[in-house]
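Comments concern the structure below.
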Amino acid sequence: GEPLRIAGQAFTSRLVMGTGGAGNLNILESALRASGTQLTTVAMRRIDPAAGGGLIDVLNRVGVQVLPNTAGCRTAREALLTARLARELLGTSWVKLEVVADDDTLLPDAGELLDAAGQLVDDGFTVLAYTNDDPVLALRLENAGCAAVMPLGAPIGTGLGVLNPHNIALIAQRASVPIILDAGVGTASDAALAMELGCDGVLLATAVTRAQDPARMAVAMRLAVQAGHAARLAGRIPKRERALASSTPVGLAEFGDRS
Amino acid sequence: GEPLRIAGQAFTSRLVMGTGGAGNLNILESALRASGTQLTTVAMRRIDPAAGGGLIDVLNRVGVQVLPNTAGCRTAREALLTARLARELLGTSWVKLEVVADDDTLLPDAGELLDAAGQLVDDGFTVLAYTNDDPVLALRLENAGCAAVMPLGAPIGTGLGVLNPHNIALIAQRASVPIILDAGVGTASDAALAMELGCDGVLLATAVTRAQDPARMAVAMRLAVQAGHAARLAGRIPKRERALASSTPVGLAEFGDRS
Amino acid sequence: GEPLRIAGQAFTSRLVMGTGGAGNLNILESALRASGTQLTTVAMRRIDPAAGGGLIDVLNRVGVQVLPNTAGCRTAREALLTARLARELLGTSWVKLEVVADDDTLLPDAGELLDAAGQLVDDGFTVLAYTNDDPVLALRLENAGCAAVMPLGAPIGTGLGVLNPHNIALIAQRASVPIILDAGVGTASDAALAMELGCDGVLLATAVTRAQDPARMAVAMRLAVQAGHAARLAGRIPKRERALASSTPVGLAEFGDRS
Amino acid sequence: GEPLRIAGQAFTSRLVMGTGGAGNLNILESALRASGTQLTTVAMRRIDPAAGGGLIDVLNRVGVQVLPNTAGCRTAREALLTARLARELLGTSWVKLEVVADDDTLLPDAGELLDAAGQLVDDGFTVLAYTNDDPVLALRLENAGCAAVMPLGAPIGTGLGVLNPHNIALIAQRASVPIILDAGVGTASDAALAMELGCDGVLLATAVTRAQDPARMAVAMRLAVQAGHAARLAGRIPKRERALASSTPVGLAEFGDRS
């Protein structure tokens, strides 16, 4: 299929991985490899530039593009500072923008998020914005110049799946930039559903890193994203209220029934 | 992963395909190939032994095992006759047993189904029984000697997915024979969910054959079944009501956050 | 509205109550009164004819019709014996027929249930049959002469609501006798939904008797059943994928908007 | 039960009605009476002060408090102007604040809405704010001084019910002002569910005015809101994965079973 294109860059994998929650770096590395991801987020507040080895080495070894995020930021100002620090340290102008309202829900703050997005775009960043599932805000973020919009399926770390498929489908329908479902995915069918709703990719971390067998779950997620994407493109059958036996086309009397 | 074992026979693919609903045999053939299936159902009432070419040739060419079904049968007696005819014509003692109550719902008739299963087992058949999602009936069919039990997710041809995940999970939990979700699958996430609920395989036909692009949907279903199976084995994270940021294990200060 | 008619008898209340699970008889009595029920089930195995006072006295005092049930029976034979004992002891030929497959799921056994129903009808009983949500079995029970068919929303005592609304709606649509949702109701919206799906009544016990405030929950259930029934009769608006502002009819320029 | 208190004023009815969508004023009047509502919204853009008779007369006759809304406004500025006009014309400082992003989705614009809420509060209005189901924005509106927060269940006029119960429950849990579910209700069980999730009231219009029998649906909604509220206060039973027969308390051997 077509690659995912963000800001002109092509990714054959539509699964973006996060790095939080893994028991250790070996587990993380094997999960990242199994996932097939080409883009992986890293929280800036956890990067220690002085430390040798560590997370960034793993990502380099796996060969994925590093996407710094602004996790933990509560205001546009904090997010801007964090993004600039990331640009300096990691040499990338890409940033996953997170501005959350509180530590309890980890839900985005619409106002600060939109402010931050505008400022980061003005400052030359390629912004992938983590947001709630409000279709209006999604469009505002796109109009502010975000390279991708990343609505949540459910709050971070809950594994509740896509709580409001109606909103996600509406967001995807109206978008001109890639929509990547971010947060809430708990299992493979959640990821497949997100793609079927029209998302262009899925971002997840704990669903893999905290699974009992992270590498195997990474495989599951890789396959699920591909499955959901293919199903979307294949054009599913309509839902029907009544049963329907398949019928035999004329001239094909030997042809099999639904079975 | 482990192959699916039915009556001692191993299948590396856990996707069982039906043959009904395709526009023509070429479309069917490419869909079957794309699905990776190794076991494919055929309705006996549509087999014309005198006809050359046709459906059976396709299945032989693709190299899948033929599983005759008793679609259209309304009584145990009809099912028994049909199964015997199939055994003679196709040289297989495997049969997918369908005994439906009426043409409107195509729902199984519990009583006739159980009778038929017992008689077929006594007659030496390897019986894969299509049933509703009643956990009691599923166990009765297993006890009657069925080699696999195939509960519906939703009525045939509806594409409504798994209407009662609670029942499917309970059936899978209590079974000692393979449970294969049969009927109702509309898209990839439905198939993945069925596997996550504990099913050992998925059988579908119209979701692929009547999709806008059958071969691509066949790929989607192949991947989705693998994804759901891997996710099941990987041990998903528990669902949580509250958000959870990933935390940093001690000694890994440079380690990435959820992101 | 129209009363509920079962076997020619009219009930203005469409809420049938069970009596299990209450902390004591006073709590039960106040809950029954608050529910407005006119028909209440009693498990025969718990009736001690020699005991004075007790459950039956409460029901007489509240003025509800006693509906003995065959809870705990596992075979048609047991159910028949229990029903006959009830007829003798309580002087009623009405019986709520329960034949469950095991104590773990408390799910009905389709075969034994249908046998028992036929035998009880032949023996002159007015049979209200507790069943699973299989639309085929529901019709078979009606054809066997049952005066009412009582499909479950979810297994007894789970409070999971209506797990398969599709099946319940189909059962109600095809029935010529009253359909009473039995088991699974956990809260008021479940009861309302059951009625909206086309049920003629709702039977519940633990949702009320084990609630923190049974009498208040009984009020909730009474209102919910009425609400769902009225909503069904009122003809709900269709579901729409897209928003719709209300428009102003011509000549009513001063008329209010959706608001 | 306790009355609903908004800005110090008590309402015994927790059902707020809208006036849009009715076929004519007679139908509307009978529906309003049947609903038992004490608070009813009116779109300012449809009020013609010069017109005799009409909508306001109906509301006065029914004896409900008029709640002007700012339907159709797209900016804080428009909303402020509309609210002031309403205050002048109708002599009330209460306003239901609506600021929508576009006519297609009728979804609130978070930024403009929050701005408008602050300005209206500063100008002495009692503001009931229609919002999306974002828990962060709900809290921001409360902090801005809104007297009530009114999250949507689903987009206006869709009748899709409560698309994201998780969010509505979270909003209700964290609020110190009344939460009134607004928009999306299609039938009685939706209204009951909203109350069970912790809402203090429900606002609806087209679910009643466009029903086939508006007055009967108004009755259904009145009962459903009461039912859901009572169920919430009564403390529902927990959901269980496994069946549970009721047991007999010691010393109550004659006591009835779940039945």
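As written, the chains take the letters A, B, C and D, and residue 1 is the first residue of each chain.
Definition applied: a residue touches a chain if its C-beta (ideal position, glycine included) is under 8 Å from a C-beta of that chain, and two chains touch if they have at least 3 such contacts.
Bear in mind that the values here come from a model prediction, so they are computed numbers and not experimental data.
**Q** Would you pick out the chains that touch subunit A and also touch subunit B?
**A** Touching subunit A as well as subunit B, we find no chain at all.
**Q** Using the average of all C-alpha atoms in each chain as its centre, how far is it in Å between subunit C and subunit D?
**A** 31
**Q** Centroid from C-alpha atoms only, then distance subunit A to subunit D, rounded to Å. What do you get?
**A** Here the centre of subunit D sits 34 Å away from the centre of subunit A.
**Q** Roughly how far is subunit A from subunit C, going centre to centre by Cα mean, in whole Å?
**A** 46
**Q** Mind pulling the residue numbers of subunit B that touch at least two other chains?
**A** Answer for subunit B, listing residues that touch two or more other chains: 105, 107, 160, 166, 241.
**Q** Treating touching as the only link between chains, describe the layout with one word: line, ring, star, complete or other.
**A** ring
**Q** Under the stated contact criterion, what part of subunit C meets subunit D in this complex?
**A** 18-25, 41-43, 45-48, 51, 54-56, 67, 69, 71-72, 96, 98, 103-107, 155-160, 186-193, 196, 205-207, 209-214, 216-217, 219-224, 226-231, 233-246, 248-249, 252-259
**Q** Would you pull the subunit A residues touching subunit D in the complex into a rising list?
**A** That would be residues 101-102, 105, 107-111, 114, 132-137, 139-140, 154, 160, 163-164, 166-167, 170 of subunit A.
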